[in-house]
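Given below, in the form of structure tokens, are the structures.
Shared chain: chain A. Partners: chain B in the first complex, chain C in the second.
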Partner chain A sequence: MSDIAPELTVIQKEKVVYEDRPVKQMLYPSLLFLLIGMAVGVFIAFNSFVFPDFFSGAHTHFGKMRPVHVGVITLLWLISVNMALFYFFVPRLSGVPIWSYKLATATNLLWWITLIIGNFSFPFGTNWGWEYAELPALVGFLPIKALLVIAWILFSINMIATVAKRRFKRLYVSLWYAMATLAWTAITFTLGNFTLGLVPGGISRVNMSFFYVHNLVGLVFTPMGLAIAYYYIPKIADAPIYSHRLSIIGFWSIALFYAWVGAHHMIHGPISQWLQTTSIIFSIWLFIPVWTVIYNFFGTLKNQWHQYASKASIRFLMMGTFYYLVTCVQGPLQALRNVNEITSKTDWIIAHSHIALYGCFTFFAFGGIYHTIEVMTKRPMWSERLSNWHFGMNFWGSLLMFVPLMIGGFWQGILWTNWADGYDFAEYRANMSQMPFLHTVAAMWFWWLLRAIAGVVILVGNALFLWNIYKSLSFKLLREMA
Partner chain B sequence: MFWIIIGSTAASILGILSLIYFLKKGHFEELEDVKYQMFHDDE
Partner chain C sequence: MRLERSLPLTLIGILILFSLAIFITVIAPNYVDSSWTEPCCSYQTQMYEMADPNTLLSAETIGAPLQVVKRLQEGKMFFAYIESDKMKIVAPKELEPLVTRDKKIILTSKLCLLKPGKEEGMVELYAPEEKEVIATQEGDGDDEHWIAEDFEIVGPPPAWYKEGGVVYFKNPRLFEEKFKGFVSRKDLIAMGENIYKTEGCWYCHTDQCRTLVQDCVLCGTNAYPAPPSSANEYIYQETTFPGTRRIGPDLSRIGIKRPSRAWHMSHFWSPPSKSKGSIMPSFQQFFEGGDPQKPTCRFEAIYQYLMTKGTRITPPNEAWWKGLDKLHCMEILEGKKHEP
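Up next, the complex of A and B:
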């Protein structure tokens, strides 16, 4: 059965010229923000945890700097680079150029201005106050959140219109994920940023907030990351995905299951037991789509594993796949009540969130960027050695970050269960006085030191990456962005 | 609360309807052919 839309077969022999300036407009600035966001993270790791308040001040303490790190990494790096890669692969999978280059340029400009102002205003007290919803409604007279919504709508229009005029009748799985991301991001962002005030204050609002927080991970970052991996792994390996049917099953099961799990952030909290149990059950069911992804990606590289040694891009994509497995095994297990009792609110969770956003989705983006740069410049990267160092430093740095945080975090949870325990209130008070909370904080110092060192290793590795990209590009860079 | 239930139910129905729509349009037939699309371009 031909997949080319009958009315379009006449153009199938014409060579399509893809407009990649929107890719560059989003990609190059996002790489700078990768370094800035990670540098802020390293600063926090040392200044808040290893040498607390060495640089003290109203604008440098954890409460002011952490939202900058989170906002720059999630918005100015990860979502932005994913948008860049969408600008690259959506037209290519559709077989047509992007619908409107001018709309893309206007969108990208609005995106950057809004987010730069919004994120860097946090140290000056503009934080809206909710997890991953820190962007303020206004900075001065600028309606930051509203402008961001407009930018996303314009981006969505361009993507949808591009897919609508595609050459191929049926959608490859990356296009399924891309289209779904557009809708899910709009819904999720709206619910988390504009409707919190519509529910009663207190635990109901927290409930809504964690629905938003987890849907950011599951219905925004996950489909974006998987869309990218499903395109770049087979494309770079020059081997079709192991099973497209399996990937579609994974897509629809994510659509069905993911929205139900948000309340697992409040296990043992002051919410109803049925809501906790519902979130736990759906968290366990998430093993189904995760398994389709892992089986598919590893299956694609079957008979192609020699490419792991020869291509840094494949290494990043497959290491990202491994971290996807790790974080998606952690997640459902962390939802179980007895596991949650130990791990919740500890540094184990910090490891978990960084395995997801850094280990998985950032690694996917790195893999995609290598291929994208090589296609746009029509030549290999400037230095294969730097690519290898980039992978090596990120690989070892990531292990140095994740393993200590998991060990230390679990130990932290064990200390807390001993500290805050007792058959009656008297025993509970006695236990508290024997191990003050601050002792459990002090017990983490060594693991935090390892985490901080890991941050330096990762930061240097990514600086090498940027240098490699810079040398790979011609000096037409600035003219090409116009 | 009422509008939350209405909204979430409407979103769920929309999701199911979109699945049925694409099913009837033939998007899930002969799924393995689709994975070769990305190798059609010249890059």
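Up next, the complex of A and C:
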């Protein structure tokens, strides 16, 4: 059933020296931003929800801090670390070093400057107003969004040129995903950030915005994450991928289905019913690629599960796979009208988004980072014990975060349906007088407390991770970053 | 460099699939669904395009109530000069046909003003020289007058008028005080939308009443359910914030649910003082010098922006909050009538 790709098992006769400085240029700052982003998250969890408005003021409230948390985590951590791992595995899967080291350095510098300025400007009132497109067009005289596009184009040129000059004929699925996401990201980002003004005001823009939002998840973060998992799971386990055919089926079904589901963010909302129904049908079809991924990753570890016990990196990759299954089962089900009525607009959605970006894609990145650092330093991590603690705290922290939010969010959605109980409007209103909106907010407090505690556990766990990495590197290697 | 056939084929394949999705889900709906670009009603259009740009507000005089004046333009809007028991209108012969002396309201686009007459309870109607004046109108502050039936138009109507109900300005008088610090309601609403955007209100509040019973109840008043949001409510917005979380309640009909300026002043200063148990942060930056009685222009902006929500979907004579709405929401909610 499994066709073994020759490039993964052939013993290389000539030693290729890979240029890994771009990996470090992207990896090390991204880890710092992981901690910063999570710290902002913990701050919000306490200051906005558990002890609301304790630190009050024009710059610290939820509306100003949320985009900082989201922007730092999605852009300064997740996309950046994914780019770092791309700089690692794309050359290796191609059998050649990165096409241009100088271009990579320039790209990375532009990337960091642009994003740091853009994301930390939010508390000073620069939100662009559309979800996940909050980066301002201009900060002072700097055209932030345009510069970001340029950085991405430069990154794409480097990646494509590296693959074009490859030594291995066959393209492994990680390279399929890597190449495709370069195009998908460019188009998606353009549609969400530059073309909104071209359609009429109102729901036309909302529709385009949700098209953008969902493609960020499905055609940017998903391919990047899957490309990484498809490389590192077989690599670390030293076992061939279960099935190449299945991986390509997954690829094409993602390419076909993902772009049609944007409107599922507006189910029951002021948007055409046919568009909602279309998005629901395509959302259900997304079960197909999910299945290929889960079957493939679990199949790869068949007969290899002892490695789960011995390697923290495998644990992260397989737990990430499990969370991928969870979030991709939640997603299609959430699109169904009756499920959506309960879960939409509640904390269930927050659980869902964090299962995807943190439980799945961040865990994938952690797994990849362990291997990457061990290859770059040519020795194991400084402390196996810290690696185990890193996994343990993230695992239990993630459960403590997801489960309460799912319970609380679902319960709040159910509470809201109380206002629809009864036979006439007078009864509906009576229910509302007995249980006004604020009561449903109060019902969330306990779950928010658990989520905040989880945030602290996760933050500390990742601080241990950074410490382990710091001790694993030698200063000689740090100086070689530039 | 190896460039196999499969590369351009794959690239083209991806682009075709993506373009198909974009075409059907992003572009086509604008042409298929007229509600995405057409207004709710002519009341909405007249409010946004005629009333808002020409309604000017100022808080220059500290401690005095907010001043509201109108910028009136000859030939571009409707006026009515209506006599009452307490106020008799004396008009020169050529302006006499414009005066309303009985039940049928006379509307005209000819700009005239009233000034105090020779006796108590008398006013004089005159046509000013300028084609554009700043005036106060008779009525409740910044509310607009609307009429849909029992009226007659004398003289040529404004170019934009086709048929149906109109917003009109009633009994205008020249504004003779110092004209300083006035901002149009249109500019205030745009400023308010910008504040809503950069303060991140949209992260906690939704702006859509969904097609669900519980939403119609939540967004409605004590007496009537709110109609679900339709696409044409949002066409005048630069940025639309449907919202993805309801940490706080929905705001799509807040202009009807919470119309009081004083309520909003207290609420923004300290949300728990008006909503017990609220976790909303305080927005004291909307007030001057730490005084909750001194709202700044930014407060008025966000207030005016919020007041556009739910107040312009039906004209006042079909007000959903008075149970007069054409959609028969109440009956649908109670299962007595099926949706058309």
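Methods note: the second predicted complex is superposed on the first by the 459 of 482 C-alpha atoms of A that agree within 3 Å, B and C clash if a C-alpha of one lies under 4 Å from a C-alpha of the other, contacts with A are read in each partner's own complex, and residues count from 1 in each chain.
One rule holds for everything that comes next: a contact is a pair of C-beta atoms (placed from the backbone, for glycine too) under 8 Å apart; a residue touches a chain by one contact, two chains touch by 3 or more.
Small disclaimer: the values here were computed from a predicted structure and weren't measured.
J.: Kindly classify A:Tyr172 by the partners it touches after superposition: chain B alone (first), chain C alone (second), both, or neither?
T.: A:Tyr172: touches chain B, not chain C.
J.: Once the shared chain is lined up, is A:Ser279 touching chain B (first), chain C (second), both, or neither of them?
T.: Second partner only.
J.: Per the contact definition in the header, classify A:Val199: touching chain B only (first), chain C only (second), both, or neither.
T.: both
J.: With both complexes superposed on chain A, which partner does A:Phe141 reach: first (chain B), second (chain C), both or neither?
T.: Neither chain B nor chain C is touched by A:Phe141.
J.: Is A:Ile241 touching the first partner chain B, the second partner chain C, both, or neither of them?
T.: The answer is first: A:Ile241 touches chain B but not chain C.
J.: One more residue to check, A:Tyr231. First (chain B), second (chain C), both or neither?
T.: first
J.: Considering only the touch criterion stated at the top, classify A:Ala255 as touching first (chain B), second (chain C), both, or neither.
T.: both
J.: If you stack the two complexes on chain A, which partner ends up touching A:Gly95: first (chain B), second (chain C), both, or neither?
T.: After superposing on A, A:Gly95 lies in contact with chain B but is clear of chain C.
J.: Where does A:Lys15 make contact in the superposed view: on chain B (first), on chain C (second), on both, or on neither?
T.: first
J.: Which partner, chain B or chain C, touches the larger number of chain A residues?
T.: C
J.: State which residues of chain A lie in both footprints, the one left by chain B and the one left by chain C.
T.: Overlap of chain B and chain C footprints on chain A: residues 187, 199, 255.
J.: Would you tell me which residues of chain A are touching chain C in their complex?
T.: Spelled out, the residues of chain A in touch with chain C are 48-49, 52-53, 56, 58, 61-64, 66-67, 125-131, 164-166, 169, 176, 180, 183-184, 187, 191, 199-208, 211, 255-256, 259-260, 262-263, 265-266, 268-272, 275, 278-279, 341, 345-346, 349-350, 416-420, 423-425, 428-429, 431-432, 437-439, 441-442.
J.: Show me the residue ranges of chain C that touch chain A in the complex, using the header's touch definition.
T.: By the definition above, chain C touches chain A via 1-3, 10-11, 13-15, 17-18, 21-22, 24-26, 29-30, 32-33, 35-37, 197-204, 206, 208, 210-215, 217-218, 222, 224-225, 228-249, 275-285, 330, 333-335.
J.: Considering the complex alone, what residue numbers of chain B touch chain A?
T.: The touching residues are 1, 3-4, 11, 15, 19, 26-43.
J.: Touching residues of chain A toward chain B in the complex: what are they?
T.: For this pair, the touching residues of chain A are 1, 3, 15-16, 92-93, 95, 168, 170-173, 187, 198-199, 231, 234-235, 238, 240-241, 243-245, 248, 252, 255, 375.
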